[in-house]
Amino acid sequence: MEVNSLTAMAILVLASYIFFYLPASRLRGVLVLIMLGIIGYALVATVAEMPTFGASANPPHNEVYQRYLHQAVEDTGAINAIAAIITDYRAFDTLGEVTVLFTAIAAALSNLKAH
Amino acid sequence: MEDLLVRIICRLVVPFVQLYGLYVITHGHLSPGGGFAGGAIVGASMILFALAFNLEAGSRKLSHDISLLMESGGAIGFILAGFVAMLLGQNFLTNKAAGFPLGVPGNLFSSGAIFFFSVAIGFKVGSTMCTLFYNLIEGSDRHRSSE
Amino acid sequence: MNLAAVTAGETARIYHIWPVILPLIPLAGGILVFALGRLSKRIYPLLSFLVTLVTLLSTAGLYPLVKQGDLYCQLPKFMAVGLSFRVDLLSFIFALLVSLAWCVVTLFSLPYMRQEKYSLTYFVFLLFTLAGNLGVMVTGDWVTFFLFFELMTVASYVLVIQNRTDEAMHAGMYTLVLGIAGGLVLLGGVFLLHSLAGHVQISPMMLALQGVPAWSLATILICFMVGFGIKAGMIPLHVWMPRAYGASPAIVNAFSSGAMVKAGIYGIIRIVLLVFTPADMAAKEAFHFAASAGYVIIWLGLITMVFGALMALLQNHAMRLLSYSSISQMGYIIVAIGSAAYLFGLEEAMGFSGAVFHAINHTLYKVSFFLIFAIIFYHTGEYRLDRLGGLWRKFPLLMVFFLLSFGAISGLPLLNGYASKTLIHDALLEAHHYYHTFDIYLAERLFVLGSAFTFCYYAKLFYCTFLGPLPEKYNVNYHTSFLMYLPLALLAAGIILLGIWPNIFIENYLLPAASQFQFYRGGIEHLTGFHFFSEAPLNASATIFLLAVLLALIGFRFRFFWWKPPANLSVEKIVLQPVVSFLYRMLTHLGPKTDNAINSFYYKIASDFLALCRVVGQMDSSLDSFYENSSRKAYQIVEKSRNLEDSLVDAYDRSSKGAYQLIERGQLVDESLNEAYDLSSMKAYRLMEKSRQLDESLNSAYESSGRAAKNIYDKTAKMDNALNMAYERSGKAAKELIVPGKDSTQTSKRKSKVSSSFKINPMEWNIKNLNFDTLLLAIMLGIVFFVLFFFR
Amino acid sequence: MNLNYEHLPVIIVALLLLAAFLEPIVYRHKKSWAAPLVIASMAFFALSSLYLMAAVNYHGPFNYYLGGWAPPFGIELEIDYLAVFLLLTFSVIGLIAIVYGLQDLKHGLKDEVLGWYFTLYLLLMASMAGISVTNDLFNMYVFVEISAISACAIISIKESRECIEASLKYLILSTLGSGCILLATAMLYMITGHLNIGYLNDVLPRVMSHYPNNILISLGFFVVGYGVKAALFPLHVWLPDAHTAAPSPSSAVLSGLVIKVYAAAFLKVFLKAYPREIFLEIPVMEIVLFLSVLAILYGSIVAMVQEDIKKMLAYSSIAQIGYVFLGFSLMGQRAVAGGLLHIFNHAMMKSMLFLAAGIIIYSTGIRRIRDMKGLGVKLPLTMGAFTIGALSMVGIPGTNGFISKWQLALGALDLGRPIIVVVILLSSLLNCLYYMPIVINAFFGVKGEPELEIGKVPGVMLYSILFLGFGIIFFGIYPAPLLAFLQKTVTAIL
């Protein structure tokens, strides 16, 4: 654990050195590309590792999924399962989303009026 | 946009667009769509109107006060519908257990509170779109005139 | 927290609230003085003196209780670990000393502060500082100790900057920062102690710390020694003292040197002699640790003592001289504490008593020195020794007091300094006696040398102040208030009393205090009835004095004492200031640089991203131009093909023109042919007409014969019709007789079919069809009409 | 109808939202009711948090199922000790800041945006309450979004160029953070099929070996996301500008509460959702620890050279958020308790310092530290409160700053990391180096009467900072109930 953290810190320090003290040059651009490449690689690896989309053995195909698909009509009376989820099972999230819209309006209007 | 053709076409099209928006909002629990999508359609119709005619005409149709009221009213309606469930002795935002009549699945007036929620969201989203549009346009107008 | 396990078993423990009240008296008094001071300007000095007096009396009133055993009080809910207060005899002695010093100096400041500008803040913070100082002495755990320690540090800052000169502000900042830094190091020690021992009670901890590696113990000890050392002015940490003393008024220095420094000493005594001493006599390792710590502390003390004395010799500023003197005197006490630890299990009581006794004595004579210089400054406004001189003519009484304190500090028999010095010296001798090492012997010699130096610099101080020529401007009549002499007289009485009968004090107070520690009984008994005025100590004293006089003579003769070392030659200037300023500069440059670097890092990333976007954009635009070019080419191709087409059309035109001419010629031929045909056909026509005329005459012959035949046929047909009519009428009459009214039903049937397809019959409506959809549809249609109307 | 206390958390959130939605209408039609509405809703928030704390302390934590759907299907609120602790902190400080702010905002803002300011403030408070009580990752994300937007808006609402710049910077970085949080949440959902924190904790150990990259990357995203929002060291660049430019009540709330709420969300995600064995394999907490140590030192050092008082306080916040993350990343009982305690303590002292700075700016217009000589004579109570805050920052015993440092240092020592103690003490010394000169200059900097023009200080502003100053002293001397409560909190988490 200590070694790992030390390595991480060393990488951090090295990276910061590279960015802080190298002059603006082609090298820096290359390094940025390399870093982006690393990040991209990590993301791609993550996605590749994810369960296959739509496969029935996926972790998200659990009891929640079963319930949403099979019992939504009985639970909510809505034949559109999406509506059942967003406005009944997870209605609080939707309230939050409505609030996000309201916040955006408030932010925009207050800024327009202030300046 | 002082084009006669555009105006006439808009005048013809806008009611139907709005009707379609209302349909999408009210059939949220029956078909794809719902408050967000339908509200966006209704809002877009107002934007279309304002684009085809001009800002004053648009804001004469839907004044700032009313859009503000709808803005807040939609969200407040959502919360109040949630509170109704609480008054009925259940948790916040409860639907079936609180005793909202679910009706026959597939009918328009079915699925209890979901209908109200959809309508509230639709109001909210529609007014958000046109409020934002009007205010941004007005702001840029004012900005331009001040320069 | 299991207190019973950690306190000494022998002494009784009495629960009493008074130790908590004790520091609260001056605290509340300070607030009261502040409140009253805004109302009236006359009362508050007196009131603050009264507060200190009450504090002194209530401290002294604890004695009967303390004699019976430890007083303790706990407030477990307060602060993070609970506050606890505890007064044993050692605490009591120090508390009494502190409150006495405070009371005496406050009495002195009544007349002294009359003309000062910031006297209200002075009196208020004086009381707050007293609260901190007193609180340090009565606490029972290190957290509470730290609380009061910091209170003292922060409150005393205001006293240090009493003059508000730039120098004082700098010195005050210096003091404050160093004080807080010391406090934080101390806090680090407290943290370590808490995590290793599980509690922070001021009590023997070696049992709780068993099995802890020695370096951890050493770390804790170093933390504590640094924290207390800064307050006590131990040598590498003394730097704030000369600066602060040089910049602040003598009266504040009297507090500082007489009482606040003692907080550091008290802490060192507690940590070295109580916490880090073995509660169990059998723990050998602990003994070993205590002894080696003691050895280091002895040397620290010696360095402090000798170096302080040497520095004092070279000073020209009375306050700075006295500050170095204080440092040197603290060295004595630290030596005593070190030797007590070094001699653990043997004669530690002697070192302990020497330390405590010397602390008391130091307060007595050092306060009186400061007060003497306060009076001198009050009248002359001068601290620099080369501007003073010959003052014995003006202040003969002051000279007497000075000489008395002078004798005491340099260890003249029958004055109090002698007794404590003898104890410390004896403790060193005992150490040599038991261990027989050369370095302890050397230490003992150095001690003698340091004592001799002490005599020398006070001789210099005396000479420069009271002897020699009197400067002209000071040759006026001074009136000194009685209240200024009263404290000096009190202190002088203490010096003399303690000097003549040291045994009474030691046996009644110090030894009981020592017996509350886990000290070796034999050592304590050894001290009862100690012969101070026997041969050996007197001899040692005589040695010191001889050496001192010799040194003084040499110094005066060759004017060594007036040698001014180059200004840059000081520990502070050479080591500390560069280091601190380097650190400060480095940090303050580094910080913003890092900030900029991080910002520019983000900026760089963003700009690189932007460049990436630009590349993509360029690609886009090149694609665009590619399309444009290709379309231009295609256009050109189209244009060319159009030319081709034109020429083709031309060719067609021409060829068609040729063909037309050809056709025209052919037409001419055709016309001549036609004429020929016309002529021939006319001849044929005429022939045909003649044959038709023949035909017609034949026809009319046939027609006249046919007409005659037709007339005959017509007459027979008329007769037949008349017969038929007759038959029909008779049949009709017969039918009407058989079936009447069949025609009318057929027509009504045809009528009902029409009505069912065009008219509404409400009786036949289907109510099930009227569902909400249709309603909605209707409503929506309504809306549509409305909207149509609305958007008209 | 039985409305017992279990409904209270959701009523708090819903009523705050309701008040926020009503506020623009009220402000348009009945201007004089707008401020009382805000105060009333914040007071309701504070009182019901207090009641909730008492109830939870007495009856124990409870869960609330929104819509009546039990956890894996619906959204769950978990009102444990941590949640009520956070609720109480946010509500009390938020109430004081807005009570203070009524005067200051009328002075500093245009008339027509005041109503919107109230709306945004209430939305911010509601979102913070929501983050505190929710037990669902996606729901948390939604509230994080609300708080991010409203926080941006209450910075940029002031009419000045710096505000816009700072707010834009904040908006961009905070959107980046939100994106990271959303991605990480999605990843966790992808590999577990749950969003509920409790269920995640159950399922993650089982899927740990199957999807190591997903877990690693999601950890990274969470650290970056919450790190940006909470201004953890290398991601803090937006903070100094934003907190300097904002109106004083906004600065107080932003610096005192908003960055803390993300730290608390970090705590929830990392110590409640992820199982502990993950941190044995992936040293993410070590990295956070390292970063927080850097933050502590760096923030103090940079604060030392600042000239603007609010900027100095903002940099000091960077250091102080480092303390919070330090406590969390050590993952020991006492250390986490220390981090939580520092959330509370720093909320009090930093808001007090910002509000005091606000009074100074309000009444004199002085922002530069150098010009503050002799202010202590003119504004004795304000500077007295400032002194208390400064002493608390330094960690003088008797103030609450000492208590949190005590807890953190002992927590570090419990885990055998004495170097952390050195860092904490060093940072205290640095704090002393930049806070004490202000105090000293203010009280003792000039001889005689200073020549300063002082406007009248409204009583409400003064009382609110004195109240906070009193709180600092009170919790410095008598923290026992709080510590006992935090002990329970931490035992429940770890």
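Think of it as A, B, C and D in the order they're written, each chain with its own count starting at 1.
In this section, contacts are C-beta pairs under 8 Å (C-beta built on N, C-alpha and C of every residue); 3 or more make two chains touch, one makes a residue touch a chain.
Computed from a predicted model, the values in this text were never measured in an experiment.
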*So which chains are sitting against subunit A and subunit C at once?*
B, D
*asked:* Which two chains have the greatest number of C-beta pairs in contact?
replied: A-D
_Centroid spacing, where centroids are CA-atom means, of subunit B and subunit C in whole angstrom_ = 50
*asked:* As a quick test, compute the distance in whole Å between the mean CA positions of subunit A and subunit D.
replied: 24
*asked:* For subunit B versus subunit D, what separation do you get between their C-alpha means, in angstrom?
replied: 36
*Using mean CA coordinates as chain centres, what's the subunit C-subunit D distance in Å?*
15
*Return the residues of subunit D touching two or more other chains; collapse runs of consecutive numbers into ranges.*
14, 17, 21, 24, 66-67, 234
_Shared-contact residues (touching 2 or more other chains) in subunit A_ = 16, 88, 91-92, 95, 99, 102, 104, 109
*Identify all positions of subunit C at which a residue touches two or more other chains, and write them in rising order.*
none
*Would you tell me which residues of subunit D are touching subunit A in their complex?*
14, 17, 20-21, 24, 66-67, 69, 72-75, 109-110, 112-113, 116-117, 119-120, 123, 126-127, 130, 138-139, 142-143, 145-146, 149-150, 152-153, 156-159, 164, 187, 189-194, 203, 207, 211-214, 217, 234, 280, 283, 286-287, 290
*What does subunit B use to touch subunit A in their complex?*
28-32, 34-35, 71-72, 74-75, 78-79, 82, 92-93, 95-96, 102-103, 105-106, 110-114, 117-118, 120-121, 124-125, 128, 131-132, 135-136, 138-139
*Which of the residues in subunit D come into contact with subunit C in the complex?*
234, 237, 298, 301-302, 304-305, 391, 394-398, 402-403, 406-407, 409-410, 413-414, 418, 421-422, 425, 428-430, 432-433, 436-437, 440, 444, 447, 476-480, 483
*asked:* Show me the residue ranges of subunit C that touch subunit B in the complex, using the header's touch definition.
replied: 772-773, 776, 780, 783-784, 787-788, 791
*Along subunit A, where are the residues that touch subunit D in the complex?*
1-2, 4-5, 8-9, 12, 16, 42-43, 45-46, 49-51, 58-65, 67-68, 88-93, 95-97, 99-100, 102-104, 106-107, 109-111, 113-115
